[in-house]
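Once you scroll down, you'll see the structures, which are given as structure tokens.
Each of the two complexes below includes subunit A, the first together with subunit B, the second together with subunit C.
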Partner chain A sequence: MKKQHIKDMIFRIAPIVGLLILFALFMVFAVIKDINIPYSMKNILNQSVIVIVVATGAIFIYTLGSFDISLGANMCVSALIGAMAYNRTGSVLVMLGACVLCAVLISLVCSVLASVFHLPVFVTTIAMLSLLNAGVLMLIGANGTGDIVQVPADAVSAINTVEFKLLVLCLYLAVCIFVFNFLKLGREEKFVGGNPECARLTGLNNSRLAILAFIMAGIGVGLGSFLTITYAPTLSRNTASSVGMDVIISIVFGGMPVSGGARSKIYSAVVGALSMTLLSQIMLMLNLNSGISQMVKAIIFILVVYISMSDNKKNNLPR
Partner chain B sequence: MKSLKKFLVLLLSVFMVLGLAGCSGKGEESGSKGIDNMKNVKIGVLVADATGAEALAFRSYYENYIQKQYNVTFMYSDELADAAAESSAIDNFIANNCKAIISFASADRPAQIRKCAENKVYYAVATGTLSDDEYAEFKDNEYYVGAIGPDLYTEFQAGYNMAKYYLDQGKTKFAIFGGATPYYVDMHIYRTAGMLVAMCEAGNGDYNGAKDFGSMIGTIYGMNCQLTPAQIGSVELVSYVGGYDFDDAWFGKLAEAANNPNVEVLLAVGSGLDTFAAFKRPDQALGTVDSYTADAVKAMEAGTLNYLAGKFSASIGPIFMATVSAVQGKPIRTANGEALALSQGYWVATSAEEANNYFTVDSSTTDPAYTKAMLDKLYGASYDDFAKFVGAYSYEEIQNLKK
Partner chain C sequence: MKKIVEITHMSKRFGSTVALDDVDLEAYEGEIRGLIGENGSGKSTVTSIYAGMQKADAGTMLFEGKEWHPSSMNDALKKGVGMIVQENGTVPGISVAENIYLGEIDSYKKGPFVDLGRLNRDAQKALDDIGAGHINAAQITGMLDFQDRKLIEIAKVMVNDPKVLVVDETTTALSQKGREIIYSIMNKMRDDGKTVIFISHDLDEIMSVCDRLTVLRDGKIIRTFDKEEFEENAIKTSMIGRELQGNYYRDDYEEPAEKETVLKAEHLNLGNQLVDFSFELKKGEILGVGGLSHCGMHTLGKVLFGAMMPQSGTFTVHGKPVTSIHDAMKKQIGYVAKDRDTESLSLDASIKDNIAIAGLDKFSIKNFLILPSKENAYVKKQADALSIKCAGINQYVSALSGGNKQKVAFGKWLGRESEILILDCPTRGVDIGVKQAMYQLMYKMRNEGKSILLISEEMAELIGMSDRILIMKDGELKKELVRSRDLSEADVIQYMI
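Up next is the complex of A and B:
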């Protein structure tokens, strides 16, 4: 019993230990290679913050044992709408509102469609991915500015700071932690993710929970798209194209079980995204070419999933 | 038993990770000492395409030739899809103490230059040029080294010359692959415009009311870069395909265009070997702007390809020297202290023999088009000498420079 408890604890803290090891490795290489450490720290935060915000929201979906493949496309559309709103009004607040509103609406459509047609949520997100990709091309075409939509760099330069990004991140993270850990919603989602049939028989409304999860994720996507505009105010059809995959990898790296359920943790996104960025920075310092870096990441990814699944196999509730 | 299995998996993974890292690790001080026994210069390279033939040829020149000749270390970015990725990559390079950045990525060049200048990092455009407005904004910035490569008029001329080559042979029925024209990529728009203007001149007609350089560019933008087939006087643009969708429908359009019995010549603004070549009939001709690869030479030998206009990989040598000169306090600027803006065109091959000659030089890692001895003369050179060197870019001129 005690042995099992120790083992559980090891698995629970493994992602954080992994993050600390990566940080230590990063610092060692940074000193050896005479890297600009203060700039690197700022850079790591800059590169992680958008993925952390989006992934933290996405954890509400992953906890249900589902996933959303259209997060990146949703972010691209929301950023385009936000940029166009800014260009019409000149207001950064309107831009923020447009980003969040658009992202939440898209997320809502996904989850409501799944509820109406009784489809697995990820199926509707696949359909939504195609729709959103077409929407991106239409929006860019309708804007009439070639293949890009731009917000003047001066308009967002004042908020393109690490401090502002951390503020947005902390506020959103605080809300998510509160909802996930201290409200009924978080507990119900873990229950549904652990065993949807059992949850349904106890009277939980899975559709309602899915809709709420997607609203939370939508807010994250909206904030992520707003931060994307502040970081790089030139948007194209490729904007946020890698975010969907980065979110999945970060969540898994952060120790989130791929099947969701009771072991889901809201901090997985923070740990995973920072670990991924640190790993990338270490690869860069070693000047590994892109192919080698991808292979190294893939091996570590498989390793992490293997370990987390081998631990979970016998602990899953029967479905 | 289970623990042993897990242990073995872990051990194997660690060995694989370390092995991969070890295989590709590279000492910073590799390469012989270059000009003035210069201190190792770390240069970041931004790439929007990491796998295309042209991109690989450029990379090979820097990594397999320049890096071995000079005391420099090139750090390459991943394939950059958008402005945010470019910005992240620049941050990475700055964090890693790169003193300069050479860019092949153009999602947002002004943002790239601004970020580099703010952080006192030199910036150069590897191939291509800035727009007039962009150049006006940055020409006096000491951290903007400049750009060397085909300017937009050279791109126009490349398309014009290719179409004219076939028009002069009496061909009148064409299909065009417009590449990234639908995505508003200027380089491809101007090449397409060149082809259409050549057709207008030969056919004594117009394309949607346009017949010269200025009006054709305006017309293409007016059509939202979505071109359509048209009768151009006595010449006919029978088919047109744009974009890089790489799906079944897109390949179907390419096949349909090539299989049209009326089409005599297939023209591609880029990637002709990846697009039209597979569908081309033996009686058709194919011309493309592309790079000099073994496959291209084979295609010319087989008669699949008849006209190839390609950048030579060593064309990025002079901008490297201008960048290093700037880093070492010997910037090459115009008499007014402005950044470089020099145009350099293509090598054109219309026979397998020519293509083979170009490829042999272009792919050499020991005796490329621009060797160390040639580039050394550019270190801290005067603007006039530098411009003269860059301007003599034809294969024959370069061979003469080598003597």
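Up next is the complex of A and C:
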């Protein structure tokens, strides 16, 4: 029993230990290569924050044992709507509101459709991915200059700071941690992910919980799209194109079980996204090209999933 | 008699848990050998190692006098040792025939195609041979109920004509008809000079079926009883290492003091599972519901909890209709499902998560905010009251024994102080010590004025615990029997079949 307890603890802290090791490696290589550490750290935070925000919200979906393949496309559409709202009103607050509202509405449509037609939610997110990609083309075509939609850079330069981004992240993270761990909603989400049928027979409304999970994720996507505009005010069809995949890899890398359930943790998003960005930076410092970098990420992703699943198998040995 | 199974000095550990400790076991041709013991005593472990499911840490095994090292269950089956496991062992998304001949589909190949006609015919014959001809071999397995899926597993093993058959806790999932099928297979094997190793928690069953009985406790062989030595109390004492204190079933025959009706069902209809079904459940009453596997009793439990809606008819609690599971819970109804691992528990969650989830509205502030201190106190109270053996309330349920898992399933509803408990086969796969504790708990609840609908496939349990018994057949209420000293299993069975 004690051994199992120790093993569980090792699995719990392994992602954090991994992050610390990557950080140590980053520092070592930065010193060897004489790289400006504060500047690089700022870069890492800039790159990580958006993925962390989106992944933090997405944890609610992954906890249900589901996933959303349309997160990146949702972010792109929401950013475009936000940019257009700014260009019409000149208000950053309106831009923020438009980003969040649009992202939440898209998430809501996905989950409500799934609930109405009794489909697994990821099925509607696949359909939504196609719709959103078409929407991106239409929005850019109707409102852009050539292939882009732009917000004046000086309009967002005041909030394009690491401090502001960290503030947004910390506020959203605090809300998510509170909801996830201290509200009835969070507990119910985790239980549904562990065993949906048992949850139903315990009086939980699985459809309602899926809708609420998508709303929480939508808020994260909206904030992510807002931060994307502040970081890169020129939006194109490729904006946030890799975010969906980065979110999946980060969440798993941060120790989130692929099947969701009670072992889900919000910090997986933070730990995973930081680890992935650090890994990318280290490979960049080693002059490895992006192809090799992607391959390394893929291998690590498979290894992490394999290890987490093999532990689960051992837990279920016949007694 | 010739020794066919021989196991010596077998040991097995799971982490720090000693599952088997220097076990010696043998079985002979032409015998049905029973294995009995509390949950976690090592019965399934020793037989699953012999049947190729897993490896031992130490020890030797012989089969027909030769060294025995099966590489898998399939390998063991091909060489003459078959096992029917406790939990579901079929693949739901393929046909019954494909399940029966899983791993042997190549022998049905006709060029690049599979000869489905021959496959289905052979599978149907295999089902007919074991007395399960009512199952259509071409049907998708997932559409069938738990009992029929179990019968498919039996057919799958029997087409290989094993010399040794291990039946692990299978009968608890079967109704009387299913049990009769498996008893007849076991008896035929014995008559043909083959060997059956039969694992069950049902002492009456194991005493009537087996020729010899081996008791395990804490991974060790305690004693082997010959048929003429079978004596209930001696076996129980060997199993639990002490004399069982107090009564097993309740020993009173008084009617419930209260006459108030708490739950009333009128003219319920749902396919052929419920046909014009009406009854009343009184306050402070244990109402048993029994019947054969397809009689509709399990559906009745789900309907009364709001998990399935009847096509017509009404059911009310204190005169108010129940419209959903949520509504049933608000009306203080609790439900322990038959299929514990898939319907009653989230195995990958902790004891705390499982017990707390049903009671969030009871201890959260404004049905919204959860304070860890309140949650821990709520869960700990249930864990202590039920004496759940665990390292702590944060332990994962998957690491608990069957009996303790069932206690957690009970704990979910006790914490809510449910006034009406629907218990579907609550003692399935539970050892004698836990069973007694559960019976005592049910009786205590009854005396506190709570009402219990006890759905059970064990007649002794129905007779021993119920104030009244409703016998169902083909969805209809066939007979209502009132608690009496003279009520026998024969009295009950005649209305079931």
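Throughout what follows, the second predicted complex is superposed on the first by the 312 of 319 C-alpha atoms of A that agree within 3 Å, B and C clash if a C-alpha of one lies under 4 Å from a C-alpha of the other, contacts with A are read in each partner's own complex, and residues count from 1 in each chain.
By definition in this document, a residue touches a chain if its C-beta (ideal position, glycine included) is under 8 Å from a C-beta of that chain, and two chains touch if they have at least 3 such contacts.
Remember, it's a predicted structure, so these values are computed and weren't measured experimentally.
Peer 1: On subunit A, do subunit B and subunit C fit together or clash when superposed?
Peer 2: The answer is fit.
Peer 1: Could you say whether A:Thr202 touches subunit B, subunit C, both of them, or neither, answering first, second, both or neither?
Peer 2: In the superposed model, A:Thr202 contacts subunit C only, not subunit B.
Peer 1: Of the two partner chains, subunit B (first) and subunit C (second), which one does A:Ser115 touch, if any: first, second, both, or neither?
Peer 2: A:Ser115 sits against neither subunit B nor subunit C.
Peer 1: Given the touch rule stated above, what does A:Asn87 touch, subunit B (first), subunit C (second), both, or neither?
Peer 2: Neither subunit B nor subunit C is touched by A:Asn87.
Peer 1: Looking at the overlay, does A:Asn143 come into contact with subunit B only (first), subunit C only (second), both, or neither?
Peer 2: Once the two structures are laid over each other on A, A:Asn143 reaches no partner at all.
Peer 1: Report for A:Gly194: first if it touches subunit B alone, second if subunit C alone, otherwise both or neither.
Peer 2: After superposing on A, A:Gly194 lies in contact with subunit C but is clear of subunit B.
Peer 1: In the superposed model, does subunit B or subunit C contact more residues of subunit A?
Peer 2: Touched residues of subunit A are more numerous for B.
Peer 1: Touch check for A:Asn133: first (subunit B), second (subunit C), both, or neither?
Peer 2: neither
Peer 1: For A:Phe182, is the partner it touches subunit B (first), subunit C (second), both, or none of the two (neither)?
Peer 2: Only subunit C is touched by A:Phe182; subunit B is not.
Peer 1: Check whether A:Arg263 is in contact with subunit B, with subunit C, with both or with neither, and answer first, second, both or neither.
Peer 2: A:Arg263 sits against subunit C, while subunit B stays out of touch.
Peer 1: After superposing the two complexes on chain A, what is the shortest C-alpha distance between subunit B and subunit C, in Å?
Peer 2: 10
Peer 1: Mind sorting out which residues of subunit A both subunit B and subunit C touch, each in its own complex?
Peer 2: On subunit A, the subunit B and subunit C contacts do not overlap at all.
Peer 1: Help me check something: in the complex, which residues belonging to subunit A touch subunit C?
Peer 2: On the subunit A side, the touching residues are 1-5, 7-8, 182-184, 187-188, 190-191, 194-195, 197-205, 257, 259, 261-263, 312, 315-319.
Peer 1: For subunit B, which residues are in contact with subunit A within the complex?
Peer 2: Subunit B residues touching subunit A: 6, 9-10, 13, 16-17, 20-21, 23-26, 50, 73, 75-79, 81-88, 91-92, 94-97, 107-108, 110-111, 114, 183-185, 224.
Peer 1: Which of the residues in subunit C end up touching subunit A in this complex?
Peer 2: Residues of subunit C touching subunit A: 14-17, 19, 39-40, 44-45, 48, 53-54, 305, 307, 325-326, 328-329, 335, 337, 342-350, 353, 356-358, 360-361, 364, 367-371, 391, 395-396, 398-399, 401-402, 412.
Peer 1: Given the complex with subunit B, which residues does subunit A contribute to the contact?
Peer 2: So the residues of subunit A touching subunit B come out as 33-36, 39-40, 43, 46-47, 141, 146-148, 153, 228, 231-242, 281, 284-290, 292-293, 295-296, 299-300, 302-303, 306-307, 310.
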